[in-house]
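Both complexes below contain chain A, partnered by chain B and then by chain C.
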Partner chain A sequence: MRGRPLLYTSYQEDQSLLNTWTKKLMAALFLALLLIAPFGIVPGLGFLGDNDWVKLMSQVFIFAIGALGLNLLTGLAGQVSLGHSFFLGIGAYTAAWLGGEAGGALLGEGLPMWVWLPAAAVVPAIIGLIVGPTAVRVRGLYLAIVTLGLVIIGEYVFRNWKGLTGGSQSGRTHPEFQFKFWKEGTPLFDFGQDATIAGFQISSEVSTYMLMLGFAVAAVLVAKNIQRSRTGRAFQAIRDRDVAAEVMGVNEFKYKLLAFGLSSAFAGFAGALLASFVGRSIPERFDLFLAVQFIAMIIIGGAGTVSGTLMGAAFVLILPRVVRDLTDWGAAIVESGEGVLAWIGDLFIATSPDDFGLINTLPGVGPGLSVDQLNGVLFGLLIVLFLIFEPLGLYGIWLRIRNYWKGWPFTY
Partner chain B sequence: MTAKADRKVLFGGRGDEARTGNILEFEGVSLAFGGVKAVDGVTFHVREGELFSIIGPNGAGKTSIFNCLSGVYKPQEGSVKWRGEQLLGQRPDLIASKGMARTFQNIELFEHMTVIENLMLGRHVRMQSGWVSDMLYVGRTNRDELANRAVVEDIIDFLEIEEWRKYPVALLPYGIQKRVELGRALAMEPELLLLDEPVAGMNLEETEDMARFILDIRFELGIAMILVEHDMGLVMDIADRIMVLDFGQKIAEGTPDEVSANPAVIKAYLGEEV
Partner chain C sequence: MTPPDAPTPTTGYHTIAARVRDWAERSPDAVSMREKDFGIWQEYTWAQFWDLVLDAAHGLLALGVEPGDRVSIHSEDRPEWFILDVATVAIRGITVGLYPTNPAAEVQYLLSDSGSSILFAEDQEQVDKWLEVSATLPKLRTVLYVEPRGVVKYDDDRLVYWEDFLETGRKHRAEHAGEVERLMGEAQAEDIMTLVYTSGTTGPPKGAMLSNENAEFAIDKIVNSPQRIPGGGAPTPDDEILTYLPLCHVAERVFSTWSVIGTGAKANFAESIDTVQINLREIQPTVFFAVPRIWEKIHASILIKGQDATRFKRLMLGMATRAAGVIGRERVANGGDYTAKAKLLDMIWRPLVFRALLERIGMRRCRYASTGAAPIAPEVLEFFLGIGVPVYELYGMTENAAVATGNWAGRMKLGTVGEPYPGIGLRLDGDTGEIQTKHPGVFMGYWNKPEATEETFTEDGWLKTGDVGVWVDGTHIKIVDRIKHIIITAGGKNISPSEIENKLKTSPYIREAMVIGDSQKYLTALIGIELDTVGNWALRKGIPYTTYRDLSEKEEVIELVQQVVNETNEQFARVEHIRKFRLIPKELDHEDGELTATQKVKRSAMEDMFGDLVVDMYGPKG
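Coming up: the complex of A and B.
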């Protein structure tokens, strides 16, 4: 083997998840990095130990799970869905019903996490299979419209089923991340409390981060396994050429439905995690914008690949944070009024009501775009740019970099 | 066979088995698109292990017959029997699972998948793993993937496309894509193989390679074939029997010698004057 690291001696090796040493090493390093990052001890990435970054990264993991689900349906099976947020909502409210406080004003059974979390995947999958047959009979844009209908119907039902959701005014709380056998008072482990494990102080943010990371890793493995086996190939065949796929023996209806069900399960699971992570939700949380965010993740990341989806999820969630930090930083320089940077920054950033600038850091309405609006615009722009210039998304850019280094120093 | 004893024989070399009777009975089938009768009351039978060829001018209805066979088009009249079982009205994927495979006139590969993945998709009907074990990649999935990968590698060997195996097929040259498509159909381990113009657009060398593969499939693997092809030289050389179509109707059927001597065929191909 030495001297020819790319020589496979068995199909088992070639087909394994990480089939080269570089891939094995990269995956191990990346995972190790994610594991120690929240302790703030990674050189150069110390800020990842700040509480708000730990929380942001936990959200990245949750969104990654949802995005992996959409990637199964849209990236692999080629079925465009605008209805992803509907299934996140079903998952969240299934969890709330089963895991929510019993005997309160809102529906709740007080069951432990090992019941409500799997149920948050199973119930959306079943609903996905019920509405699926209508959806999978239509193609392309029509499917997008049918699934858009789901979001609208879902939001309507969520808003009006006040006994479950609490309605738009107050919303409801969601079950906490706790390990319990059944309904006992003190949990075995409570992710909402700071804890000491083997002498180590672990804050509730960090233990929650670890839990979300664990779920995300499991979701990645499942998504990868589907993609590289019979089921995933059937999805991709339908995406590339549906008639040929059928003639090759793929039951189109069955596999489209399966893709729909699996993606709904991922979505529901992510929805329950998201709602519980935030703690409280209103029905409007599961609106079209949430669905578009997921589409942005797989487009920016590069539809069809697991690693691209992960990059997309991280990018879409971290971008607003970076934009805000940059704007604050820019505003501080402008305020200080020193040097050429301040002069350039002043052209873009408005710091007082009579100031002119593209971005406005003032509270309330002012000239220019607020940071939130700016993020919305950037989003739209990015989606369009990626669709036009890099259909493979961030994954495509990464491929290009990798191939460059593979051929180095010959840059043919 | 002895000369090739060192080469791996696909599917256990079924070519030596003796089988008789018809594998396919296509009876009085008519298919119309609005006013156009694409297939007009055509009847033919294909025997087990036979290389049957369909020829005819452009628009004669050859591809339409394939589409009726594989369940893509639903003919208005007639019957299509697979070893006595009615195929008409069955879904394409069910027909495929009985052992009918095909290639397409305009290549229909899954372009974002690699050569290996395309061929593995061809194994779909021969694999059993379901989505639960696929999700976990344990047990059945692991065993199925390995065993079928071995079959796929044998086919890759057989078609001499080793160097391309990990390329997405969209990046391959046309002639290789045609070969990969044949490989994908072969991967289904079919008992009847439909080839729609396998050498169209190929140069002489590529055509000879393809002819060699078709003959190997015929004699080593014993797979019955229906070959649609405009290359008359190829058809006359390798077909056992030929059916000639014109405007959706059958105008002749027989051995290459009989067909090439048939006045109706000469008329259809060369025009009224002869």
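Coming up: the complex of A and C.
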């Protein structure tokens, strides 16, 4: 109720997505920021207008969709899955088959996006439903192993079904983002081309960014609504104790199945978007590492929360870029050799083969770690640290800050 | 929206039932009541309220209730309390309220004394109390219950489920349309509308008869008093009221039922007395009444939570509390209003601490708060004034429909109960200093107790309140004590124990204090500690304890209380010093008979129960 945020006179109010005026305003401002960011006109965040940043952010949106799926399954329903990349792969190749160039060497039907994109969600969902019942039988570690098996089987099939995937050497191209009615030659709108809309020049990167943003917002709404509905509560009940949930009248079989189905749908959708966004993919793209990346996203972000998952996806994708930029910046200072910063930086960054340092920026093998290796180490370290110190992830940090002020001037 | 007009002669006396009907006509879709059920606040509009009242009133008629019959309500606060109360008044019956904490023996006394024919016992707990004594109550024909859990299994055809009762009412309403309206048209000013049983610190409770006119007078004087609220004006339909104290007490009747029905404000029923602080936070009432015990509890919880806070928060809270002290003193010296200095301090500390603090205790939107029904420590009032709760002390009693004195906005004096309401008769007896009142709110007498009634009035027809008061500056009244409680020491000195007791109770560590010393050489006290605060203190000091009794017997705790006693003694003359004290080994309780239903200490019961402690302090009588 207005002015009395804790006075709920209906369940609609109680469960509304943005229950206070402040939250509505903040959500609107954040969305507005994302909408204008790629034009590079946000003060202090002008770099977001660079083409590579626009692309990076588009990838963040795609990964966020996939991570939201895993969050439903692992974060909300508590079913550990190492097989997320398998479903991304199925989504990607479903899209490729249906939307890929017809009459080429590889399978392809040349259907428009409104066919292949939904199909990329439906087909993995069906496979998820088939796999789901195993989760009713096995739990925890055993479920992790079962899903790990999926990735291995998946990778094998993808590698050897050369008619669909093109095999390990060449891979295959994926359908482009184009609005078409059917198989006509000129698309209604082509996200691969620069365009002019209402007198504005929109580059292909920016229009793709907008498309991905739209999908991500839709995915967030779907995930949030699942989470706050009866289904979401059933998932959480199963996560907290499946036996107790069943005693309370939650149909364990049905909801575990549903969790796998929904999660796979998100994953397949994200897989199709990712493959088409990159343009060409090889079967090895959908390996265990990709699955671990998704797990990292929900752990670092905060398992079980939508906003945490978004933060995690952004963090995991943006961190390598930031580390690279920082190292380059550091190396530049060290090479200039001036000031205290250069002296400190010299201790950590190796700029010549005989220099001592933790990181090197030299091409080829040198002393210390390359930037990519450093990123790998940082990831491992972050997952370990988050699990030990902040199991709720980035969202937990936010929660702690919020609770500090929520309790003001008391502690509880 | 304006409050309903004066009574129109054709419709009978303007009872509370007529007022509800008026609101239902005037603003049928406005919210009248809210009750928290299944986690959300379910709303009743005025039209729904009135509709249910009609159903219930016809239901009562169907049960054979006639004008003047008594309908007892034994329940926590809930919409059905309001509905049945108004329905009873509508058909010219008499409502009798029972405290939910009343044990079976008292239930028996109250039901038989009032001669009730209908009982509303909300749940299994209250039904069981009636069942225990039902054999002695032949006049009681029907018992209504609203919580079927556990009760449905009982095989007793006197038990009727509330919904079935309403269904009977609806049937009766269809067959005898206009019957309730006809009875309402016959309502008289002197019809008794309710019996309010006094708490009975001495002797058994007595049922004070309040008439329609008494209620009307209380609504006119207290609820619609123009001086009451800062900025002037009575409550409006936009005001939110939290209903949580027992409705059988005259104070809650005035500040809930009659306030809501008199001004169209919204009643929000707290889930239970334990959830008051949570419900307060949800509702953020704009007009709030509490007994001193509640104010003390809120004050203590702020202190405890403050001590448990992290370093920075503790620092801020400490500074804010000091600022609140200054603001409180400035406001007290200025009749309750802000001075320039107080306003300045408030402007600094409100955004930093006070606003959040007020939100936490549910007083963020409070524009008028009051305390009454028992004396309150001035320090507590000063604190709440300091953080920005406009709280005023009132005085009244059941027998005068709570109309006696009140502190007005901008004219309050701390430590007094305020000025008499304009246009009422209020005087102090020349010899004893007893406060006496005479006005249309004075009750009709005690139910079936003509001698007791006679004793309560002076020869010239003034109500004897039994409270001794003195004039302060010729305008305000300060209550000294109950006449019966005044202690005369062996040295012949008159001492008011409650003044000392209240000083002691200012300490957050002390919950109950009873000063003793009638015809003794010196004063002593029985003191009960506050389990929450002392427990928290012991935890902090690393003193292990198990039970209340164990905690009371700890050396350190006795020392802690000794300190409080010493501090209190410094503020009094030598003869009023407490020389010895003992901590009572149990928490006082209504069910064990040490407290009345309104949590007042029963002196006689205390002396019986803890007589050995008293003897211990004075030594064997030689």
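Throughout what follows, the second predicted complex is superposed on the first by the 391 of 412 C-alpha atoms of A that agree within 3 Å, B and C clash if a C-alpha of one lies under 4 Å from a C-alpha of the other, contacts with A are read in each partner's own complex, and residues count from 1 in each chain.
Note that a contact is a pair of C-beta atoms (placed from the backbone, for glycine too) under 8 Å apart; a residue touches a chain by one contact, two chains touch by 3 or more.
Fair warning: this is a prediction, and the values are worked out from it, not measured in the lab.
A.B. asks: Of chain B and chain C, which one touches more of chain A's residues?
C.D. replies: The larger set of chain A residues in touch belongs to B.
A.B. asks: So, does A:328 touch the first partner chain B, the second partner chain C, both, or neither?
C.D. replies: neither
A.B. asks: Let me test your reading of the model: by the given contact rule, A:252 touches which partner, first (chain B), second (chain C), both or neither?
C.D. replies: first
A.B. asks: Give one of first, second, both or neither to describe whether A:50 is in contact with chain B, with chain C, with both, or with none.
C.D. replies: Touch partners of A:50: none, neither chain B nor chain C.
A.B. asks: Can A:11 be said to touch chain B (first), chain C (second), both, or neither?
C.D. replies: both
A.B. asks: For chain A, which residues belong to both interfaces, chain B and chain C?
C.D. replies: Common to the two interfaces on chain A: residues 11, 14.
A.B. asks: Give every residue of chain A touching chain B within the complex, in rising order.
C.D. replies: Of all residues in chain A, those touching chain B are 11-12, 14-15, 17, 222, 225-226, 228-234, 236-237, 239-241, 243-252, 258, 262, 304.
A.B. asks: Would you tell me which residues of chain C are touching chain A in their complex?
C.D. replies: Residues 34, 39-43, 240, 281-284, 305-306, 308-310, 313, 316-317, 320, 353, 356-357, 360, 365 of chain C touch chain A in their complex.
A.B. asks: Flag every residue of chain B that touches chain A in the complex, lowest number first.
C.D. replies: So the residues of chain B touching chain A come out as 70-72, 91-93, 96-97, 101-102, 104, 108-113, 117, 120-122, 124-125, 127, 129-131, 134-137, 141, 144-146, 149-150, 153, 184, 188.
A.B. asks: Help me check something: in the complex, which residues belonging to chain A touch chain C?
C.D. replies: 3-4, 6-11, 13-14, 407-412
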